[in-house]
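This report refers to the structure that appears directly beneath it.
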């Protein structure tokens, strides 16, 4: 995934970029609308994160212009009052919005949700061995069976699926799945992984425990 | 209130500053300032018409009376002259045979009593001896007429003199013919009645025309009022219309006021936005960097510290957000901009917006809505619902259900939001809202209390209520929002 | 009527002495009281004989049984004098239009307004003061016996020609009012003289025939009936017709050139003590005057005078013209001329 972050606060931008890179995404940073236009003209992005208050203009106006020419999904980052902005930004064509300060896990979840919505139910299916995982529908098909997943199980599987073969530590999973304001112990992750593992076993998808490090998704 | 506010949003905003002037105007004008200009103009024109009608009636009446009096004077003079003409001298004696026509002609004016006297300076020759006239003509042939009191009534008397030879001496003989005035009065009264009828007709016609004129000249004003009235709640563009010269200052003042009002609203909103920005952007930076640090931290101790830090940032950003929300709600509630909306759509927007957050905790929304048209400020209502729902999500444990129901309850819409959280606990639940309003211990109620206060204020602005109660079977909390249906 | 019998005068004097409430002495010729069911009595002074007025009383009683009628008969001159002096009568009824008019003109009548007065034709009332309720022509009455075998004159020219050609037959056999005594006679004479010069030619002719002069219609009619007179000129038509109905020796000469029509008038004197009651009686009398059945009562209604003889001049006009002949100088002049003509 390639992200474009349009944000004039440099510290915040650096933190967000660092986090996106940590998660294995590519990300570019534009501090002004002019820079953003430049980036957009030279590179293709999967998603844009747009702050609405920028030194050289109103992000909302930029959003309107952008919507007129491109189909790139946009999540608006807003520090404005929660009241009037939400409606406005969605009306102007934003796919979602997030109020500052935001939780990375929530940001990621919303990004995934937007991409899922945008790509449609069938186009984004992920093949896991014999099984076919549809993140949009939240289902796994194998043989003649369709398996339904609960929300957290779905997101957990999505994280594993997008990092197939990689070892993911418990704290990495916690960061991605839970907001930081919730007190989540590593035991909780074990519970969720255990649940998901049992559901996926008949489909021939396995979640291996790499002792002392974390988990890894493998297929037969 | 919502209807009046909806049809005249601008007037609604103007009302407060204008109230003082209106009161001053009312005190100064005996007509009452609130009376419509059209009615005042019509009454004024009717008053003028009434005065003119009255004056014309009085003049016609006086002319009619004068004419009738002149006619009577003429007849009396003719009668007196005809009697005087019949005077003669016969063998040295004064001889008189009253001509029948002299009296018969007096019948012409009306059925009036008739008196007459023919006399020399010393002696009454014939007629009513007590009929005395105040003055005599100076020359023969001259007729003097006077109005005198005679036998308990008012009579008009014409007198002529003629000299007749009595013996060899010319004797001056005075002939007076008098008549009561009821005929004149009747003629004058008849004409006066006709004039009165005419004047009333004139008055009615003039009043009708005055009304039409007032209506016509006020039409531009009404058109401007309608043009402003038809506008949307937040349309503060200047009124661009061709208006008569007299209305140009009003229009200009209205436009200046709208401009100032718009600027003031923009300033307030900008301030709130700016405040939010100033508070939240640094918080976001701190939080983001803390999270990055958390990610790369090795020690559990450091991680725990960073998590606490993140939670503190969240808590304060939430509080700041709610305080700003509170300010915005207060501002909007005062200048409520009501429009037609569907409450179900409002709720749907809120649940859609909060769904990803809820999903993070595997909290499911069970939403049951019916179309619910009403008038109100969608943003305020959305904020109310969101604050309550936000609380429910925040205080619900993972993998629970939050139920949102919208239904009709009599003449009201009822929104019920139930969660399976820990409820309001032992805290004095109903006082949560009150406590904040009274400005007591803000710190302790930030969280659910302030959110509920915001919701409560938004609802009150719409004439609605907020009710808190324990959930079914003592589990969770139940918040009920009631709003009057349109 | 004028030459009241000594006995009548005595009765009147006795009545005056006995009855209270009559402030001033009047020479009454007759008097009768019809008591009502109530205590109020309306005092009426009139020139019409009691038997002429009696049928009116019956009809008034039908309308207002509570009101009694105290009816006094006087000559028109006496009536005029009584009212002018302020005698307390509630209603004054007279055939002498000029005298009645003068009283009303001089402010001695009280205004009265009602549905009945509003219903009167304009010529039958003067202001709200004086109201007419009969229209009675002056007629010529002849003796059938003395006119036996003669053609009846159709107009006054015929009559003049007849009297000229047969002076013997009419000498001392023509009667008319002595206008010096009779108010009604004076009214008839002055009005006729004003309207037609025939009057003076007729008067001179009658003067030449040694005319007999009378105070009253009744006596003239008596003398025509007895054959003492061949012709009585300017007799009150209402009386004549009442007599002819029961006396076939008499006949009314139908003179078609013109007729002098007198209106019998009534008013409420200013001195009336019961104006309300008087108004009620007056209204009743006026309604009788406006009746359609001409023959039921001795006095004809207002609408009775029709035909060519009435339309020539119409009824004597109620108006200030009536004052002319009451003027002292005019009266003297008229009587002088009349005397010259009649008393040759």
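Residue numbering begins at 1 within each chain, and the chains themselves are lettered A, B and C in the order written.
Going forward, a contact is a pair of C-beta atoms (placed from the backbone, for glycine too) under 8 Å apart; a residue touches a chain by one contact, two chains touch by 3 or more.
Predicted, not measured: the structure shown is a model, and the values here were computed from it.
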Identifier of the chain whose CA centre is least distant from the whole-structure CA centre: B
Farthest chain (mean CA position) relative to subunit A: C
Whole-Å gap between the CA centroids of subunit B and subunit C: 78
Computed distance of Cα centres, subunit B from subunit A, in Å: 60
Chain centre separation in whole Å, for subunit C relative to subunit A (CA means): 135
Subunit B partner contacts - residues on subunit C that touch it in the complex: 104-107, 126-127, 194, 317, 319-324, 327-330, 333
Parts of subunit A lying in touch with subunit B, wherever the complex brings them together: 9, 11-12, 15-16, 18-19, 22, 53, 79-84, 86-87, 96-97, 99-106, 109-110, 113, 150-152, 155, 171-172, 175, 177-183
Subunit C-facing residues of subunit B, complex: 95-100, 102-104, 106-107, 111, 113-116, 118, 125-127, 151-153, 182
Complex interface listing, subunit B residues touching subunit A: 269, 272-273, 276-277, 279-281, 283-289, 291-292, 294-295, 303, 307, 310-311, 313-315, 317, 321, 324-325, 328-329, 332, 349, 353, 356-357, 359-362, 364, 378-380, 382-383, 386, 398-399
